[in-house]
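Chains: A, B and C, in written order; residue numbering restarts at 1 for each.
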Amino acid sequence: MIYQGKNVTINEPSCIGKNVILEDDVYIDAGVIIRDNVHIKQGSYIGSQSILGEYTADLLKNRKADNPILVIGEEAVIRSQCIIYGGTEIGEACQTGHGAVIREHNKLGHHVRIGTHCEIQHNCRIGNYVCLHSKVFLGEETELEDFVWLFPGVTVTNDPTPPSNTIDKVRICKFASVGARAVLMPGITVGNGSLIGAGSVVTKDVSEGMVVLGNPARVTGQTVDIKNKKTGEKAYPWPCYFNRNMPWEGQNYDEWIKCNNR
Amino acid sequence: MIYQGKNVTINEPSCIGKNVILEDDVYIDAGVIIRDNVHIKQGSYIGSQSILGEYTADLLKNRKADNPILVIGEEAVIRSQCIIYGGTEIGEACQTGHGAVIREHNKLGHHVRIGTHCEIQHNCRIGNYVCLHSKVFLGEETELEDFVWLFPGVTVTNDPTPPSNTIDKVRICKFASVGARAVLMPGITVGNGSLIGAGSVVTKDVSEGMVVLGNPARVTGQTVDIKNKKTGEKAYPWPCYFNRNMPWEGQNYDEWIKCNNR
Amino acid sequence: MIYQGKNVTINEPSCIGKNVILEDDVYIDAGVIIRDNVHIKQGSYIGSQSILGEYTADLLKNRKADNPILVIGEEAVIRSQCIIYGGTEIGEACQTGHGAVIREHNKLGHHVRIGTHCEIQHNCRIGNYVCLHSKVFLGEETELEDFVWLFPGVTVTNDPTPPSNTIDKVRICKFASVGARAVLMPGITVGNGSLIGAGSVVTKDVSEGMVVLGNPARVTGQTVDIKNKKTGEKAYPWPCYFNRNMPWEGQNYDEWIKCNNR
């Protein structure tokens, strides 16, 4: 450890490496392993049996090499049994479920949520307020813009002719929502605010605001036409009807847009 | 710990919280973490690196709050690396695989099996002799009646317009069997003794005793017409042909029904 | 422990059982649990919080019985949080991701890769240079020949009339490649060098070199006609275009074939 702030708690047993920075009010629960070169910012909670700064393949080949730095932002909640590699940077207020694996050289924005048993391969770019529900898999180089939601078991691929050396990355634009167990094929772009039905296999680009469904997925309509069956009210664009854990929580989305001049 | 029965084994290292009851013949393997307010009944085995009484989100916000009570019934086998939250109640003779996550305020009957890497979200109701094979995901409020079988990777959803605040729960009736990787859409009811084919996406209610298949799933027949290809004998209703780990093990189902006056 | 070779490292805390053989240059990272009767060959790395020689159901019933022997070959990299049962035999240079579970009585060849959150049930036979990407599930008795690739979330089933006592095993032949989230139905054989599209549900045998797609999967062409969209070159048979981690790495496949007289 090189720096430990005020009011830091470290429960035993735990293993803390070299060059570790634990800022004020960090809480490390029992059984955590922190490798070298990990920086945990103020107020973060690290759940039991998590491993932070996990070794990349390069480090396993050369154990004397320097572990790339892992940075975990302020007020994070990393739940138990997660593994996060060195070389990754996670913004403020990240929350994870259990057993999630986040590989090296990923960059996650602030207020990102990563569900139980998710895996994020290396070199992904993930925006702010993105929500990955449980068991999501993101292939390397995936790009998720702000406010994207992926529901349980979504799989984002990247190899058009497996196995190959080609990476054809998927990009999902703002406010898009991808239903449970959907598979996104390599190279596709999912447009702003679109909705992909559960269990779909998406083989082509999806245009802004469209609904696609099936295997292979076909356009079945537009999100603006979807209504909540119980209330009869519109359900999309979802930010107008849903605000839990969103920056417009407690006010409506339109007001928030105005206040933020967007 | 407040109570430890006879012949209790606790392997080191392990962390045992306050107000923990370990009844007679409980065996705690190495590396287990038990939070406060956990009650483990007679003869149960808790595998290495499991976490019992895991903190709910409320507890993480207010670490001085009381952990809701976790009760694990008699003769349970909780295999290594499982996480079970406080506020859940599990009946007698439960068996789990590895790395399963069971959230808070779930109620599981007796003789339930939960496979490796399963996740049960909060507020589910699970009957007796239910079997979840590996990698099953149950969204919150799911209801599974007695003798339901879900095969590997089945995903049970609950949000009809994701993301939203609406929960439209799935209910699966007695003796229904759901094939590997099937996805059940929000709000559907799967009838008694029906069979859902592997890889199906079920978008509508399934009637009693029917077979459904495909994406979207369509009725293809009735379970009573399905035969075992090798023997030529009928395969359903499955309780008449299968009894391993069932209460009629060692006798046939008809006899058991008679003995139980059902 | 009964034998410890030269230059063995064991990080604390860790639990090492009886009759454990650690050959030269073995490295055991912090938090590992090794049960009785485990043999780890030269130069292998065992990642933190892994459990080796995990108890079979028989052992849990009779804790005085002898754990069947687990053998891990030379130069293995078992990453953190994996669980490998007793009674399994793993060849040289195996690599795993995190949280993989490998049950009892499996036989894995050399240079096998097992991704994060995979599960291999018991009595499987896995050839050399097989690659299972993340979250793959193999039902018991599955047979994978040399150089088979299964991509993220592939599910291999085995019960034709679930639940039943019948096992109808899947067999995947050399060089076949199975796309993400595909489901293979019980009893099918996937032919040499064939390609199964992501998200497919394969209900019939697949002939050598064919491409199949969809739910249910249908033949859409032959692998030899698939081209890399960027380069315009052929992409299959993949060994001619891809050599990373393969025995022909650094030379081309044809040369390797000649050198090996195959």
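Following the convention adopted for this analysis, a contact is a pair of C-beta atoms (placed from the backbone, for glycine too) under 8 Å apart; a residue touches a chain by one contact, two chains touch by 3 or more.
Every value quoted in this text rests on a predicted model; they were computed, and no experiment measured them.
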item: Arrangement of touching chains [line / ring / star / complete / other]; value: complete
item: Self-contact between copies chain B and chain C, residue sets same or different by half; value: different
item: Between chain C and chain B, distance of the C-alpha-averaged centres to the nearest whole Å; value: 27
item: Overlap residues in chain B, where contacts from two or more other chains coincide; value: 13, 31, 49, 81, 99, 117, 135, 153, 181, 215
item: Parts of chain B lying in touch with chain C, wherever the complex brings them together; value: 11, 13, 27, 30-31, 45, 48-49, 77, 80-81, 97-99, 116-117, 131, 134-135, 149, 151-153, 177, 179-181, 195, 198-199, 214-215, 226, 228-230, 235-236, 238, 241-242, 244
item: Interfacial residue positions of chain C with respect to chain B in the complex; value: 13, 15, 31, 33, 49, 51, 54, 60, 63, 81, 83, 99, 101, 117, 119, 135, 137, 139, 153, 155, 157, 159-166, 168, 181, 183, 185, 201, 215-216
